[in-house]
Amino acid sequence: MIVSAPEAVSAVEDGHTVLVGGFGMAGMPVELIDALIEHGAGDLTIVSNNAGNGDTGLAALLAAGRVRKVVCSFPRQSDSWVFDGLYRAGQIELEVVPQGNLAERLRAAGAGIGAFFSPTGVGTPLAEGKESRVIDGREYLLEYPIRGDVALIRAHVADKMGNLVYRKTARNFGPVMATAAAVTIAQVSRIVEVGELDPEVVVTPAIYVNRLVQV
Amino acid sequence: MIVSAPEAVSAVEDGHTVLVGGFGMAGMPVELIDALIEHGAGDLTIVSNNAGNGDTGLAALLAAGRVRKVVCSFPRQSDSWVFDGLYRAGQIELEVVPQGNLAERLRAAGAGIGAFFSPTGVGTPLAEGKESRVIDGREYLLEYPIRGDVALIRAHVADKMGNLVYRKTARNFGPVMATAAAVTIAQVSRIVEVGELDPEVVVTPAIYVNRLVQV
Amino acid sequence: MSLSREQMAEIVARDIPDGAYVNLGIGQPTMVADYLRPDSGVVLHTENGMLGMGRPAIGDEIDPDLTNAGKQPVTELPGASYFHHADSFAMMRGGHLDVCIMGAFQVSARGDLANWSTGAPDAIPAVGGAMDLAIGAKQVFVMMSLFAKDGKPKLVPECTYPLTGRACVSRVYTDVATFAVEPDGVRVVETFGITVDELITRVGIPLVPSPFD
Amino acid sequence: MSLSREQMAEIVARDIPDGAYVNLGIGQPTMVADYLRPDSGVVLHTENGMLGMGRPAIGDEIDPDLTNAGKQPVTELPGASYFHHADSFAMMRGGHLDVCIMGAFQVSARGDLANWSTGAPDAIPAVGGAMDLAIGAKQVFVMMSLFAKDGKPKLVPECTYPLTGRACVSRVYTDVATFAVEPDGVRVVETFGITVDELITRVGIPLVPSPFD
């Protein structure tokens, strides 16, 4: 369960879909991404809210040419020059997903839901090609789960079984991504003994966590 | 926000759908149900995991002839004689919903999901009349949200804004039902000042709670 | 006199009911927070998983784990709660927020909103939470200047920019007038340094004058 | 000699991998917990919102807020966690539990499960979490006597009782034999006081003898 970052990310293989937690830098598993760059797996699909900032973390993974496709809600930020350059050069695919659909599609993957009707995006260009249906007088679009081969997330404290608690708005995508991947790797600031976390406050139960890295 | 039980349940009107928390007696809002019996509203649809035990609580509401229909996963228990009698006499309608679909349909109502494809119940008598679809090689049934006019739930501690924490397995349906009703009424053992609950451990944010009753 | 951005924020704040749960999006609408009365009981939601967001964090208060939707450091108020992204957007999509306030490129006569893309061929599409917010809140308030830099009105018969949401806007707060989008048309609620006649002339859609004018 | 209920529980416990996440349903399968090694690392899930469920509560330990799926008071182990019903069933339906153990009226040759209703015309239908468990866990183990009181086998070509789930059972533990439901048929894993030939004669479905027999 408790391993080094390089050992943890060795689960990632060429062609994998990797879910990466974080909203901007809050909750971003920076050390795991660095280890993934070292690891060298390529042809990846990255599912994350953003598409990298500055020259480190996700942006460095993109710059290293390891990413075939990005699935995110908001790739365009003031410091997203790495993604911008690759996208304009036609060197990376992009699937833009409204943030709420992104979160709900990840949850659906973890919850065994085959598909769901969402009201988000109806009447917009992002509705193109999607099945729509009117239910109870309101129009919805059919949305499918997004599953990951591996999830890289950041939490605050773990116990040695893998139960996780998060910190403030760094919680964001971590708990849903943890449920949506075949292998979930969490980097945490602290690992405590089993029994030290109050069972009432555990946010991600250990069943969803495969590897822990303390950074 | 903080009211007496009779004042709280005055939100229930004849013909309403009332969501009632609890799994057996754990999390059952007994005092609110007693107040609802006193209140006198009838022709109700009750959505709850069970259909009453013994002669008190939900069973008493049923015995008083206030309930037209029960939506639940498990009406038949060793001490469910009140429901059994009404059902066999043709005096109450029953919709049996697998427990996971019940929870997920309530969540869908709270989350603005129009409908979802669930793998539960495929090939069983409960699939009759439901739309089915094969997605990625697996068969699913289309399930619709269950909305309540009023939810009656039991939590452990509330702050004066309505933020809630629960206790052990008494949490069960409370958090999902709180999101699924137009008016949510929570009975709690203790009400504390705003700021006394740690924001990291709030399970039901105050936005979902309309009335608090301390019992 | 037309309104400054601060004055617009003040007017929007005045129209938020006490005790409302409100999402301020990113950019200009976040200024509304500065004009909410401390005793109003208004609770701010941020899409990245929080109710009870406080003012921007300064100095030692800055915590990289506590930001708003614009990724700026903020503070936490008593009675706050944190939740994950699926729960945060379920709260939106499920219609639990009373008011959401957003900027816009265009709003149509029936309340269609366009605020995520100018449709420029070389633009990188990026929608964030805008489409979820547009269809999720009980009321969507838009804050924008009424006229673009080229003088064209941004309140239009039909949006020419790609939509964010259909028939979702209930109020439009601009520098020269406030509008209510109602079933029978767009009503002028209040004007600032412009006459209703001039508004009608410059905005290319039929306007219903306020009954109080 | 055929097995007692206790012996059946012991045999099932032996087949649960160390560290597995397991749901024991209600009734007879809950006896399996008594035979798990304390150091096995097996974590028990209960559908009413808990991982890390401990043994039944006695005396002062009894807490009405802490029960199992059969509504009996239980205890909490270190490393436990609580969650609401939608999360609990998402955990099941999403395929995160390694093993679920249930009783049955009938299991068919291709692993169909019937355990919620005898289909009697006057029966009150009640399904609880059985249909969700049947399709949710990675492996579904059934515990039952192989023959009904009238002598009829409960392992059948096609279930005559209403189904709980289709092709979901992977192992069937009975008092006289253990079976594995596999793509090429039902394999006899182990027998207790009965010969494979007698099993083949009394059970009306083709049986694949174990390669180790």
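Order of writing sets the chain letters: A, B, C and D. Residues in each chain are counted from 1.
Rule of thumb we're sticking to: contacts are C-beta pairs under 8 Å (C-beta built on N, C-alpha and C of every residue); 3 or more make two chains touch, one makes a residue touch a chain.
Predicted model only: the values in this text are computed from it and were never measured.
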Chain separated most widely from chain D, comparing mean CA positions
C
What is the distance in Å between the mean C-alpha positions of chain B and chain C?
35
I'd like the Å distance between the centres of chain A and chain B, where a centre is the mean of that chain's Cα atoms.
33
Just how far, in Å, is the C-alpha centre of chain C from the one of chain A?
28
Could you list which residues of chain D touch at least two other chains?
50, 76, 82-83, 90, 92-93, 136
If a residue has to touch 2 or more other chains to count, which residues of chain A qualify?
104, 107, 111-113, 118-119, 166-168, 199-200
Based on which chains are in contact, what kind of graph results: line, ring, star, complete or other?
other
Every touching pair of chains is listed here as A-B, A-C, A-D, B-C, B-D
Which residues of chain B touch chain C once you look at their complex with the stated criterion?
107, 109-113, 159, 161, 163, 179, 194-195, 197, 199-200, 202, 205-208
Quick check on the complex: what are the chain A residues that touch chain B?
104, 108, 111-119, 133, 135-136, 138, 140, 144, 165-168, 198-201
What part of chain C is in contact with chain B in the complex they form?
21, 43, 45, 50-52, 76, 78-83, 90-97, 136
Would you pull the chain C residues touching chain A in the complex into a rising list?
46-50, 63-67, 71, 76, 82-86, 88-90, 92-93, 112, 117, 122-132, 135-136, 162-166
The residues of chain B that touch chain D in their complex are 23-27, 49, 73-77, 83-84, 87-88, 94, 96-104, 106-107, 118-126, 166-176, 203
